[in-house]
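You will see chain A twice below: alongside chain B first, and alongside chain C after that.
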Partner chain A sequence: MLEARALGFAHPEGPPLFTDATLAIAPGEIVGLHGPSGIGKSTLGRLLSGHLAPGWGAVLLDGAPLRMAGFCPVQYLGQSPMHMVNPRWRVGAILSEASAPEPKTLAALGIAEGWSARYPHELSGGQLQRVAIARALAPGLRFLVADEISTMLDAITQAEIWAFLTRLAAERGIGILAISHDRALLEAVATRTLEFREIALGP
Partner chain B sequence: MLEITDLSIAFRRYGPLLTRRETRMLGPLELTLSRGEVLAVVGASGAGKSLLAHAIFGVLPGNAVVSGALRLDGTPLDAARQAALCGRLMALVPQSITHLDPLVRAGRQVGWAAGRSGHARRARHGLARDALARFGLGPDAARAYPHALSGGMARRVMLAMASVGSADLIVADEPTNGLDPENAGRVLDHLRSLADRGRAVMMITHDLTGALGHADRVAILREGQLVEIAPATAFRGAGEGLASPYARALWQALPANGFLVPVAAS
Partner chain C sequence: MSAIPAIAAAPIGRRVSTLRTAAAAALVVLAIPAIALLSGRAGIAPDFAARLLPPALAHPFGTDPLGRDMLFRTIKGLALSLQVGLVASLLSVLIATALALLGATSRWADEVVGFLVETVMGLPHIVLLILIAFALGGGTGAVIVAVAVTHWPRLTRILRAEILQLRSADYVRISRRFGKSWFWIGRRHMLPHLLPQMLVGLLLLFPHAILHEAALSFLGFGIEPARPAIGILLNEAMGYLLAGRWWLGLFPGLCLVGLVLCFDAIGNGARAMLDPRASED
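Moving on, here comes the complex of A and B:
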């Protein structure tokens, strides 16, 4: 179980984005998170995956605080994969950053062997997003935060990626927080959808 | 207004032992665009959408080999005419926000665009202000340098630059990337209204849903090939009105239409 308990965050010298975000995701569950842009959805996602330290409250994995050293069992996937990888690393190095990826995973995501020698800018956005997903699927992975991961992709690539993630949730029991402003997408992939305002800003 | 016949684009590359190879990236394709019309060009990344836009404006890289004919209002659109008309009779909204000058305030850049399209010096400031306001940008954004703008704001500055003059042909490359739904809707509405006032608009996008609400026709590109040009109204139901399997697959892959993964791709 991944939990956010009364989480709050403020940028230095800025007003708090939110002060009381509470949610829980069970293993194997796909939870949607919907809300207008600029409200703090991505910040909440980055808090849950250890990219940011909370100003208030706590992120708990199975009741214990999130481990901040080594491979984080909660992985964050962003809208622009180009910003999530080192542009000077080859794809092969990116893929095995945490652990060597399983051939089965690479095949399921349609990642060709020939990509290993390429640099990130030599792949399309959809191809690089699949590389970012494969990198996150190390053995220790428990939860994924998928923050607008298919906004910049065409409809077919989007459907392929979500078909893969839905299978991943069912087969490996990975819990997924799907952040999007696209209600139709969340209705198609999520078992339940939360409104950011309701879970983070209180009544 | 714009007629494209038999257009194809290849890139010349040097292989081993100074052998020269040409790799075809786009075409051959035929396309027309009329005044008062919004044509959406939809396809996955790498399908050649931006190449098409850059070919119309003559801003392809030096190793591009272009063949075929472009005509604007019946007159051939050659390199000299492209250079003369760019920013006057036709305007491009580029995809990358790095096309803004990093050392010049946003409002001034829109003023330049107004000047380029023939407006008097004293009118430029007011025109720039009004153009920015149409895209929801106020005096703060006008005073900002590009680095201080968010991606979505920079994109709206470029839209203001393209529409501040009296260009009859506007080509917008991914105009809604990085915009939240509210601002994306505002941009698409504005492009629609430009067409409704008699201009011709080509909207290049990967977002089929957004395009359908605002375009008259949709051209589907796949790996450099023009798969189909369908009226926007053909995208409904299970896609029976669409001629090509790829266009149908794209339609059925939308979350609201079944979210289907094409058999060949899965």
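Moving on, here comes the complex of A and C:
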């Protein structure tokens, strides 16, 4: 179980973005998080995956604070895959940064062998997003924060990626937090959808 | 019938012309040590039959009071400047990199490094150079150390800014959550971004190092008077300028300026080549 307990965050010398975000995700569950742009959804996602340190409250994994050493069981996937990979690395190196990717995973995501020698700017956004997903699927993974991962992609790629993630949740019991401002998408993929305003900003 | 205006040749891109200039400048720089090595004792062995000759075909830069050819003395001086400049600049880049990395380790270390940068930048360069060279007893080694320990602050600032930006990059954050150590991330993620900056920094440090080496030698705190350094040549020329021996100072001085301009051109070329944003110019 991945939990956010009364999480709050403020940028240095800025007003708090939110002060009381509370949610829980069970293994194998796809939870949607909906809200308008700029409200703090991404920040909440980054807090949950340890990319940012919370100002208040705590992130709990099975009741214990999220460990900051070693491979983090909660991984973050962002909207722009170009920023998620080092532009000076080849795709092969990117894919095996956390652990050697399983051939089965690569095949399921449609990642071709020939991409390994290419640089990120030689792939399309959709291809690169699939690379970023494959990279995160290391053995220790238990939860994924998918922050607007399909916003920049065409409808077919979007459908393929979400079909893969839905299978991942069902087969491996990976819990997924799907963050989006697109209600229709969340209703299609998520088992339940939370409203950011309600879980983070209080009544 | 009115003449049809000639169609202008397609203008050469700024980037291409920058790269051409840089290549030409690099050739000049590489030729200097080659000529200095191949010319043997020319410009070092005295010839008392040819003292203080003005520039002529046999001696394009004239000769000095001991009858030594000034052209070869100048080239040997420039080669020595290049040697000193290379070692001093390399040391400076190493210091800058080490301090920038150190500053990235903690807030406290960052403030100490920032304080050091501002202190050295705030002090007048030449005074610091003279003090250090003097304290070390002069000579080539002292010049190298003095130039190296006074020229790192600007590059330290550039590298520090680059490291700060890299540290908050998404792929670095992801790497951290993959459990990679800062050492691993520094080597694999950051170094490939820092190396081009270090290379350009090295090239742009060179002219400073060369000019300051010449200044120190000119003032008598630098390279041993027996070696043909540009600063020494200029110092020796001082006594003869009023006597009308203008060639003793003019040519070495002009060549020094020329060498500095060459490095400027090479530095600009390297920046144009390494910065993808400049590729459209």
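The criterion applied here is as follows: the second predicted complex is superposed on the first by the 203 of 203 C-alpha atoms of A that agree within 3 Å, B and C clash if a C-alpha of one lies under 4 Å from a C-alpha of the other, contacts with A are read in each partner's own complex, and residues count from 1 in each chain.
Here is the rule we use: a residue touches a chain if its C-beta (ideal position, glycine included) is under 8 Å from a C-beta of that chain, and two chains touch if they have at least 3 such contacts.
None of these values were measured; they are calculated from a predicted model.
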Where does A:S124 make contact in the superposed view: on chain B (first), on chain C (second), on both, or on neither?
-> first
A:Y76 contacts which: chain B (first), chain C (second), both, neither?
-> second
Go through the superposed model and pick first if A:R88 touches only chain B, second if only chain C, both, or neither.
-> second
Partner touching more residues of chain A, chain B vs chain C, is chain B
Return the residues of chain A at which the contacts from chain B and from chain C coincide.
-> none
Touching residues (chain side chain A, partner chain C) in the complex = 49-51, 69-72, 74-76, 78, 83-86, 88-89, 97-98, 138
Please name which positions on chain A make contact with chain B in the complex.
-> 36-38, 110, 124-126, 152-160, 162-163, 181-182, 184-185, 187-189
For chain C, which residues count as touching chain A in their complex?
-> 169-171, 173-175, 177-180, 189, 192-193
Chain A partner, complex, touching residues on chain B are 42-46, 177, 180-182, 206, 208-209, 249-251, 253-256, 259-262, 265-266
